[in-house]
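As written, the chain order gives the labels A, B and C, with residue 1 at the start of each chain.
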Amino acid sequence: MPSATSLAPPSAPADPPRRRRREPSAAFHAYAYRVGAAALRPPWSAAEVVRHAYVVGYRCLLPVLVSMVPFGMVIGVQGMKILDLFGAHRLLSGLMALLVIRELAPVLTSVLVAAQAGSAFAAELGAMRLKEELDATAVMAVDPVSWHVVPRVLGMALVTPALTVLAAVGGIAGGWVVAVYGRGLPHGEFAAHTVALIGTWDLWASAVKGLVYGVTIGLVSTWRGFHSSGGAEGVGRAVNDTVVICVVSILVLNYLLSTLMFTGAGAAG
Amino acid sequence: MSVPAVEFAHVSKAFSGRVVLQDVDLRIPAGRTTVIIGPSGAGKSVFLKLLVGLLQPDEGRILVEGEDLTRLDEEGLYRLRRRIGMLFQDGALFDSMTVGENVAFPLRRHTRMREPEIDAAVASVLASVGLPGTQERMPSELSGGMRKRVGLARAIVLDPDIVLFDEPSSGLDPVTSDAIDQLIVEMRERLGKTFIVISHDIVGTFRIADHIAMLHGGRIVARGTPEEIRHSPDPVVRAFLRRNIPLPPLPGEREESP
Amino acid sequence: MTAAAGIPARFLATVGGYAGFTWDCAAATLRHGLRTDATLREAYVIGVRSLPVLVTMAVFVGTNLSIQGHAAFRTLGAHSLVGMFVALAGVREVCPLLAGTMVAAKTGTEICAQLAVMRTKEQIDALEVMAVNPYAELIAPRLLGIVLVMPALTVLTLAAAIASATAVAVWQLDVNPGEFRDYVFDNIRLADVGIAVLKGVLFGAVIATVSGFFGLTSERGPEGVGRATNRAIVAICVVCVMLNYLVTAVAYR
């Protein structure tokens, strides 16, 4: 409709209607899609990926081992007691190795990775959001997701499976100490039953679980940090949310993955 | 001058080898407003923390109304602190409590007043800082200037002998900052207590101060009435008043971090 | 000092700091008295806030236990033993430990972040200047609050886990319900539940003191808040796992 005022601009040529650009959504699925798209569309820095992988591994290795070894010892103590009831304590090592590799190492490792590295990611990105570093990155025409988020997620995805396998070794070592030195189970028998009951499939399953949980932790922690708001409290809240959401998701995913991997006919051999 | 409200006697303080205060000797008179000015990193915050016993000096004595703070046990220190009120930089209000609960906090913890009396006291002190009827607001809903007013209300609600102000004008726009200065002058006239202010705001300082001491590089470099400071021949003082930052270094000065 | 030599030194300094902190807390609480009203409020808040996420977690712990037990014992052709596995592994070890982890994740990080924020905003200094002891005011009520609710939370976790384990065993894994129930209840002694509750209480004490320690000694600023929370949760997890082993080693000798 023509305007009456002289200040009105000359009627603009009809531009083809373009969709208004929308602000990126803070919902998890939208965020995960954004990260996935950025990961598939380089450039992102491989050096940054390696650096984050190294930091995650370096920070988490000690906590993981320090928790997994006592946990293996607990299984040793309890398992020996129970299997004695059946006169079957020779089976301890095999059953324990099975449990540790398939279930406990992936779950405990990723819970600790969430607590240690996940909460650190959330805190770092939360502080960057607060100090407008993320906005500054975007204003300098660098996608903050490619630059700050993708390397973290990929780094964590690389390292968590490795940590899981190391944790499994640590857990079995803990049980071995209790069974062989504490309860006098012959060393050869322990080793033989361990090897007899576990297959390569179990090791792969363990690493795959580690990979899935690593990606989950990476996404959840950076998501809470990236979209945090509200000052120092916001950073605290991001860390808190990260750990809670990660622990629950790990348990849910573990149930689903175990069902898929180990209850299917013939899967576990 | 009678017994000073606060006396620093040869006080020194260093953090892991870095000297922050060096041989500070200062008497702060009772019933007046004394402003400690200086550029950031001069040791002003440490001065204030020493004065309330949050830090212990490495050397020297700190007398508050004749009592040596450095030799008090915890109980004595807490007894002394009940006579001191402090306005923190951003108010330091408890986020989980309403404005009213924040102001009532010292009354609930240190007096046996009943709830109606507490309500009356809170209402009156909030009115006196220009925020009547704000009891139910949360600190997060307040502007920076309002948080400082509530912080001041909480600081004076126990009717302390000494009121401390940590950078009352920091983080405020000039208009709000003027209003806070005005409030400090009013409160001083009404209460007649000892006010000690640390500040880097030159204009505000001359508006509120009865006495000024200038801290630079961990030392008191000048002291006197506003007139005396304004006409001080000291090059460091003159440079600061002309807002020439950085100031000329003192002989043998160490590097300061903020 | 080289970097390698710095780590044990820093570790020892932290342990020493923590020991001093707990001692100061106990001393301050004895001297200034316990704030009963605040303790009860904290107990209520902690209990109610961690309940939903704790129950969610317990449900999936139970499902995991059934799947794991089933997969392990099937290799031996004794899959009905899954009930025994759920009872023994779940009640004695996994449930108390994961309940501790969850309360640490939820309440521990909350306490730590809260205290670190208070420190950043000079609110802890404000307490001191108002002649109120921060330990007696902030730490003791949270510590006792957690310790009060932990037994109830632990028992609830056990119940939820066993219920969901039963559901998975019966509906997903086709274990005979009667057999499963018998194996579960034959293998839970009252003493086992007692030891689980004891573990819960110990973990609660660790959670409150460790998160209080890291919160009150945090560096100021948002990074400080994040770092303190991060350190607290990791320290809690590691200490709880070790404590769990000690209790198990003594109780189930």
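Throughout what follows, contacts are C-beta pairs under 8 Å (C-beta built on N, C-alpha and C of every residue); 3 or more make two chains touch, one makes a residue touch a chain.
Computed from a predicted model, the values in this text were never measured in an experiment.
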Quiz item: Hey, which chain ends up farthest from chain B, C-alpha centres compared?
Solution: A
Self-check item: Chain closest to the assembly centre - both centres taken as Cα means
Solution: C
Quiz item: Measuring from the mean C-alpha position of chain B to the mean C-alpha position of chain C, what distance in angstrom results?
Solution: 42
Quiz item: When the C-alpha atoms of chain A and chain B are each averaged to a single point, how far apart are the two points in Å?
Solution: 49
Quiz item: Hey, how far is the Cα centre of chain A from the one of chain C, in Å?
Solution: 21
Quiz prompt | Interface hub residues of chain A, defined as touching at least two other chains | solution = 233
Practice problem: Send over the residues of chain C in touch with two or more other chains. | Solution: 117, 121
Practice problem: Note the residues in chain B that touch 2 or more other chains, in rising order. | Solution: 95
Practice problem: In the complex, go through chain C and note every residue touching chain B. | Solution: 31, 117-118, 121-123, 125-126, 128-133
Quiz prompt | Of chain B, residues touching chain C in the complex | solution = 49, 52-54, 74-75, 77-79, 81-82, 84, 86, 88-90, 92-95, 105-106, 109-110, 154
Quiz prompt | chain A-facing residues of chain C, complex | solution = 53, 56-57, 60-61, 63-64, 67-68, 70-72, 74-76, 84, 88-89, 92-93, 98, 101-102, 105-106, 109-110, 112-114, 116-117, 120-121, 172-173, 221-223, 225-227, 229-230, 233-234, 237-238, 241-242, 244-245, 248-249, 252
Self-check item: chain C-touching residues of chain A, taken from the complex the two chains share
Solution: 63, 66-67, 70-71, 73-75, 77-78, 81-82, 91, 95, 98-99, 102-103, 107, 111-112, 115-116, 119-120, 122-124, 126-127, 130-131, 197, 231-240, 243-244, 247-248, 251-252, 254-255, 258-259, 262-263, 268
